[in-house]
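What follows is a group of structures, each given as structure tokens.
Next come two complexes, and both contain subunit A; in the first it sits with subunit B, in the second with subunit C.
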Partner chain A sequence: MDAAGRLLEIEDLRVTFEVGGARYKAVDGVSFTIDDGEAVGLVGESGSGKSVTARSILGLTGARQLAGGAIRYRGTDLVPLGEPAWQRLRGREIALIPQNALAALNPLFTVGWQIAELFRVHEGASRSEARRRVVALMEQVGIPAAAKRFDSYPHEFSGGMRQRAVIAMAVALNPKLVIADEPTTALDVTMEAQVMDLLGDLRRERQMALIHITHDVELVASSVDRMIVMYAGRIVEAGPADDLYHLPAHPYTRALLESRPSLGDRRKGLLPTIPGAPPKISAIPSGCAFHPRCAHMRERCQRETPILRSPTSGRVAACHYSEEVLQLGEVHTTVSA
Partner chain B sequence: MTPAGPLLRVTNVVKHFRGKRSGVLGAKHALIHAVDDVSFDIGAGETLGIVGESGCGKSTLARTLVRLIEPTSGQAWFEGRDIFALSPKEMRRVRKDIQMIFQDPYSSVNPRMTVEAIVAEAWDGVPGAAPKRFRRNRVVELLQRVGLDADALDRYPREFSGGQLQRIGIARALAVDPRLLICDEPVSALDISIQAQVLNLLKQLQRDSNLACIFISHDLAVVQHVTDRIAVMYFGKIVELGPAAELCDNPSHPYTQALLSAVPVAARRRDLEPDRRIRLEGELPDPSDPPSGCRFRTRCWKAQQRCADEVPALIERVQPGVLSACHFAEPLAQIAPPAPTQTSIA
Partner chain C sequence: MVRYIAGRLVALVAILFAVTIVTFALAQLSSADPAVQLAGDFPPEEVVQQLRKELGLDKPVPVQYALYVKGLLHGDFGRSYFSKQPISSELPDRIGATFELATAALAFSILIGIPIGIAAAVYRNSPVDHFGRFLALFGTAVPVFFLGLLMVRLFYTELGVLPASGRYSLEIPPPPTVTHSVIVDSVLAGDWRMLRSAMTHLVLPSLTLGLFGAGVIARVMRASMLDILNHDYIVMARVKGLTFRRIVLVHALRNAMLPALTVIGLTYGALLGGAVLTETVFSWPGLGLYGVRALTYLDFPAVMAVVILITFAYVVMNLVVDILYGVLDPRVRAGMNA
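Let's turn to the complex of A and B:
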């Protein structure tokens, strides 16, 4: 893609947290780009730094935490410009769909009023004009009887409806980039499927780029163009979603995929597992952070931190032995419906 | 399955909760039908999965079986005795045989107790439990059985990860040699890389100790992997019940079909056209005012007048051995997919 289509460029992002006098790295040198209209899955377990990365893009990590790196939106680095620049972008250019819709909505105002506020404040719409647009938007995101539900309070909405309401708020001003932070984690499977379909439809209709943050590779693999896998504050693998899902180049990605039971799999034996637990940011292992849990670990992995390199075309992985991992072959056999 | 009959036979269990007050001075209570006429068997050493979405009554059902919640009516025959009719003293004896592990490992252990005390507490009030002086050694054995070292004994819950705490919860449940283990969403709160460890542990325990298990989860892929049979619940009722593989390969109830279709499986992308997927519309109905007849009819694309008039019985309909509560049950291959759905809902 040419430079004109480049929406966002994160370069060497570093975020640290201070706990009890010591500084810990939550995000340690993360770089990636998002093009116009592109959907990217940012995958990781708890403590991987995925949500902190997303918050940084929205300018929600404080200056003290932001230890380095550039966040360029349409070529302009937002970091030196600070809060005023982010304020101009938030909502209008970059919007967030939070995980906990109930916490994101103000319980004291009606849902309709809260969405309408966006049109009134950002676009100077009149009350009646704002109301008309909100009802249309609520209908578009699948809230039934929108004209009536406009005057309902958040607690009167079900979990699925609240998630639709915060999605409506996020897309209200036609942002170019939506960051969805675990948007379906609190929902049941059938609701999750509905919300995933809705996000896909909105993205196509409005030509928005999407960063979908999740712990569930399976969930995003079929809905995004590219996936970025994070572990202990770093990117361990990135590439086209389909390729990465079927033939991962990093042992962590592969182990994550293998340890999930899949519906079509009739083997009733034990699942392949990853020993141990994801590290705390206060105790990130030396060398490759994944080495204590890795089946392919050699002595080199304990001392030398692997850099992201391209073991196969279109893919980057941070593993000294990616070629060996690729040779293990496809992870998933095709499942019949 | 044992020829001597099931380990646990649950018949016609009903649990109603009193809901919001209404009427003059709040004289009327809406009745919430959480579990409605549920029956099933579990053989010794068998694992039954209970699958459903939040609000379907699966956790309420599990809790009635250990009488953390008192059922409204029904029976649960455990080794020939009705659990629901036992006195508190008799119930204490049965609790030893039926243990439970919970979804949230952090809130199911006391943060101010050491691991040894947490596990050993299981023996309090249990007749014939290990004498005090042997207990420390017994706890070490149990910890080793769930994959933890003896040095965990004197440590506190905050020093452990979620997966390790879940192991401690399992050790506590195993301390009294139960015959039935009820697991309520045991891996949902864990990181993906930890889920498989705990699932494997549960599997090994079942295999080694002929432990029967009720495994409750919203995650069909997980349930299918660890269970022999699956009961699918919707809105307080079992809608389909059968062997795990048959039920997942060839579901006949529209709700089971929709649940399977909603499971994100990236590999399916190529074989399953989007318009072949079943997308349920709407959400669960108001629990204080359940639909007449079949409770699923308000979201079902096959619903007809009969579904409103007549409650479908849970009987064998399509495959031998698989019970389905749908008047129009049919194999997945034969169903006409619903018209391509919009994301908007009715």
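Let's turn to the complex of A and C:
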């Protein structure tokens, strides 16, 4: 593989949590890569391991939890290097847009100060220079009256403005990779669309790679290059966003897509849902973890864990019967533009 | 903010007023006759009657109360049954002594308690944490008088490095009284020998009292720091690539200080009311000793004066803590301005 374009390489990542003396697998053998400037959607229900995977990339999982695997940034495995290596990368190379902006902002410092801190600590900018750059950045992410808003505290910002403020914080130092952890869940639909547009613009202007973590396939399908679908701590399907969106190879992906309404939907009656709930990490089913909820389940699925394989070109899926799932045809009769 | 403080000051006056009613009522319930108390041993009846008239004791109780409050407003706490002197002339030195002791003790409490609390939270279950736990247990469980005696034994009897009683060496003529704090007065007078004497006399009693406060402050600081370090904004600070040191000392400390501030303020309020046991062990002529003596001799005017001062100290410290909350936390400040 071309080393120059390869930004991040996760190999066989395993994260475990200890609860009441027992160890449970939250992430179980996840591998994927991110190239320079690439946008990837990391999709899954809560408890699928997507957020834990993201935290691991930022070095936020403790040594006790990180049970194995390699996290290579530009070819260097960060796991054995530990905290100092991550500290050098955080903010400058890898940044995070958190889910809950209100909780992520320190209530006792002004929003401007908290963004300016990046310039001051990492680049040694003077107070006035940092202020000037922060005001410009706040304007760029769409915070009105930025010069005045610099001195406001987080509780004086609206929800949408706070989300823009943490986005400004994430992109301040032009990182090569931004991890957005459900950046729009706390927002209403209008605000969600605005923030998605802003993220797209910033990514193009600053040529950043993006990992967009979400439970909403529909939301990211049109804005990312590739999608990775996780279930119960494992990747169940990955491939180009368009292909995967229209013709999934895993029953779980398909079920996720079918349970979303879309414009021009001609289906009648109740919206289909996925029966049951995602498994707890303390009770992951045998064989294929999805089998109790799967519409296409057969006897083999209960005992044999499917491995990721390629049922069609450019795609990997962990299902014994991917070919049959592909035969089911396109999910959406109307293509959303 | 100004309106908030003004409102609180009005409340302060109301509280003090309520306290005077309670203390006055209690004094009325006692069987001691102030005129007899002040007239000296075996007084002739005419003298007692004369005094009764002078003190207004022949008037109805509400009028007596009104006279008492009127006196208070002029800084007149009445006369001590014990010394026969106006209490207002006895108090300033006592307040000065207690103020010195309380302030130095608080400084020790903060300087010892805050760093240990932070270190215990950051290095949880490490030797620092265990030491902090020991200190907290020791500071709160060991009686102050016993700790005081240990201090005297070690630093005075064994090592002979620090004096064990009084406010300053009686061999040195005291500086002219300006503030009733010997330390401040000796600085004002440029009397360095006296300053040195006053400072060394202050070390043992204030360290004894301070260790007690340090234990409490360290525990509160540890708990609030542990709580703060779990917040999302601390994770965000890590994600910004900040050093651990900066995260703790800049991002977490200010937040963690808020609960500690309450304890510090109340500790100071309590210390300002006079530390009876410590003042007794070290013969420190402060409000605590004064209050104990007043109680022992049923010296009601003096007791009332001490109670009012203690109340005042508490209420003022509460107000100061609330204002500091506003200074540290913009959300509280917004509430104050509303």
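By definition in this document, the second predicted complex is superposed on the first by the 329 of 337 C-alpha atoms of A that agree within 3 Å, B and C clash if a C-alpha of one lies under 4 Å from a C-alpha of the other, contacts with A are read in each partner's own complex, and residues count from 1 in each chain.
The criterion applied here is as follows: contacts are C-beta pairs under 8 Å (C-beta built on N, C-alpha and C of every residue); 3 or more make two chains touch, one makes a residue touch a chain.
The structure presented is a predicted model; accordingly, all values stated were derived computationally and were not measured.
In the superposition on chain A, A:259 makes contact with subunit B only, not with subunit C. Residue contacts after overlaying the shared chain place A:313 against neither subunit B nor subunit C.
By the touch criterion stated above, A:327 is placed in contact with neither subunit B nor subunit C. In the superposed model, A:273 makes contact with subunit B only, not with subunit C.
When the two structures are aligned on the shared chain, A:140 is found in touch with subunit B, with no touch to subunit C.
If you count the residues of subunit A touched by subunit B and by subunit C, you find the higher number for B. Legend: residue contacts after superposition of the two complexes on their common chain; A:215 is shown touching subunit B, with no touch to subunit C.
Of the two partner chains placed by superposition, only subunit B is touched by A:191; subunit C is not. In the superposition on chain A, A:128 makes contact with neither subunit B nor subunit C.
Within the complex, the subunit B residues that touch subunit A are 53-54, 161, 163-164, 191-197, 199-200, 203-204, 218-222, 224-226, 245, 248, 258-272, 276-277, 279-280, 282-284, 332, 341-346. By the touch criterion given at the top, residues 45-46, 139-142, 144, 158, 160-161, 188-194, 196-198, 201, 215-219, 221-222, 241-242, 245-246, 255-256, 259-266, 268, 270-275, 277-278, 293, 332-337 of subunit A touch subunit B in their complex.
Residue ranges of subunit C in contact with subunit A, taken from their complex: 231-233, 235-243, 246, 251, 254-255, 328-331, 334. Interface residues of subunit A facing subunit C in the complex, by the touch rule stated above, are 58, 60, 87-92, 95-96, 98, 100, 103-109, 117-118, 121-122, 153, 155-156, 166, 169.
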